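Following: one structure in structure tokens, then a few remarks.
Per-chain residue numbering starts at 1, and chain names A, B, C, D and E are given in the order in which the chains are listed.
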Amino acid sequence: MQICKVIGHVWSTKKEAALEGFKFMVVQEKYPADGPVFVAADLVGAGTGEEVLVVSGSTARCAAKSSGARQDEAPIDAAIVGIIDTCETEKQKKA
Amino acid sequence: MQICKVIGHVWSTKKEAALEGFKFMVVQEKYPADGPVFVAADLVGAGTGEEVLVVSGSTARCAAKSSGARQDEAPIDAAIVGIIDTCETEKQKKA
Amino acid sequence: MQICKVIGHVWSTKKEAALEGFKFMVVQEKYPADGPVFVAADLVGAGTGEEVLVVSGSTARCAAKSSGARQDEAPIDAAIVGIIDTCETEKQKKA
Amino acid sequence: MQICKVIGHVWSTKKEAALEGFKFMVVQEKYPADGPVFVAADLVGAGTGEEVLVVSGSTARCAAKSSGARQDEAPIDAAIVGIIDTCETEKQKKA
Amino acid sequence: MQICKVIGHVWSTKKEAALEGFKFMVVQEKYPADGPVFVAADLVGAGTGEEVLVVSGSTARCAAKSSGARQDEAPIDAAIVGIIDTCETEKQKKA
């Protein structure tokens, strides 16, 4: 899972029917700082500015299914599955 | 999902029979700027110059299936699943 | 499998129900030094500072299932599956 | 799919029995120029110097199956699925 | 498939039960030179210093299954599936 920050939204009218009903957030990886930017389907009601846990690949489809959002597998390859309360690491302790 | 720009087409006569009927677009990731270039099967009628949502890996096969393009899984590992209307991010708001 | 060092924990209250019961560790790849940082579900009781083996992608779901942690596939894409006792490489022998 | 150039062959006598019968080509990604080099199973009769379409991951196994090369999934993670006739991009038009 | 060199071993006593019986080798990608280092389950009896073919992701589980090492899918995400006899590329011909 990647630790990301939600930095925006994407709107798409002309899209695969199977993508209807998902909210697509623009997220940015926090490690490394200002890391890769990509789009993830939101499964937990995350808002802009929040730190989130993002799963990728076939696991995103698995997550959408286990969340009850879909019975079949949705054609997504990234999904927000948690909002991070705290993230404590060795380096932060040193600071 | 990656935010990409469609920058061209690829033609291939001698290819796997299971790839017949797909339109293969050359896309380039927008984050980072001038990011990686690769080929994606177009499922939504995207044109050159448009910004699109691209799924990768096994999700691309899943997308082709759910789009009705194929009953079985097609041997593709990237697919354009949406045309982006607007993409609003924190950084764009600052600008 | 990646050789990683456990450098911290992540807490998330608002998350997918299917993620309940997992302990999420922050890990950092050791090759290259100070490599990528990400989050992995702990399946073996690893502690901060330990060197661990981490599997990614669909294999993480497979690992959670074969560990008995879950009967169905859990929506995780990284998992700690072993604690490393020793890692002997050519370069270390030279040292 | 990656746009690659075939730059050589690999021979391996001692290998998994399930890999018998495949021809393994060394390919190099064209974007970026002189990109990553890896090995792909050839499904279309590609020759050294040709530009090809390469699929990766589980899609390579899917491709081998749909090509009729195998009934079960072959343990490959990259496959050449097409020979590129022409590749037209915006940048080439400018030139 | 990646062309790697075997550079060492990893020992892990406390690990997932489903990983018992595998030999875990430390491998390094040869392209680019001194490339990424990771751990792969050995399915062909490779030794330190040898050049090998490594498959990744779900294909590694598929390889372990087709090799007869396991009936179910083993929780591995990288596997050595062949020992390379010769690797001939355009660049080597120029040399």
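The rule is simple: a contact is a pair of C-beta atoms (placed from the backbone, for glycine too) under 8 Å apart; a residue touches a chain by one contact, two chains touch by 3 or more.
Because the structure is predicted, anything quoted here is derived from the model rather than measured.
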Note = Under the touch definition above, the chains in contact with both subunit A and subunit E are C
Request  = Provide the C-alpha centroid distance between subunit A and subunit D, rounded to the nearest whole angstrom.
outcome  = 31
Distance between the centres, which are taken as Cα means, of subunit E and subunit C, whole angstrom = 19
Request  = Give the residues of subunit A that touch two or more other chains, as numbers and ranges in rising order.
outcome  = 57-58
Request  = Start at subunit D, step over to subunit E, and keep going round the ring; give me the chains in the order you meet them.
outcome  = D, E, C, A, B
Message = So in the complex, the part of subunit C that touches subunit E is made up of which residues?
response = 1-3, 31-32, 43-45, 53, 55-59, 62-63, 66-67, 79, 81-92
Request  = State the interface residues of subunit D toward subunit E in the complex, per the touch definition above.
outcome  = 7-19, 24, 26, 36-41, 48-49, 57-58, 60-61, 72-78
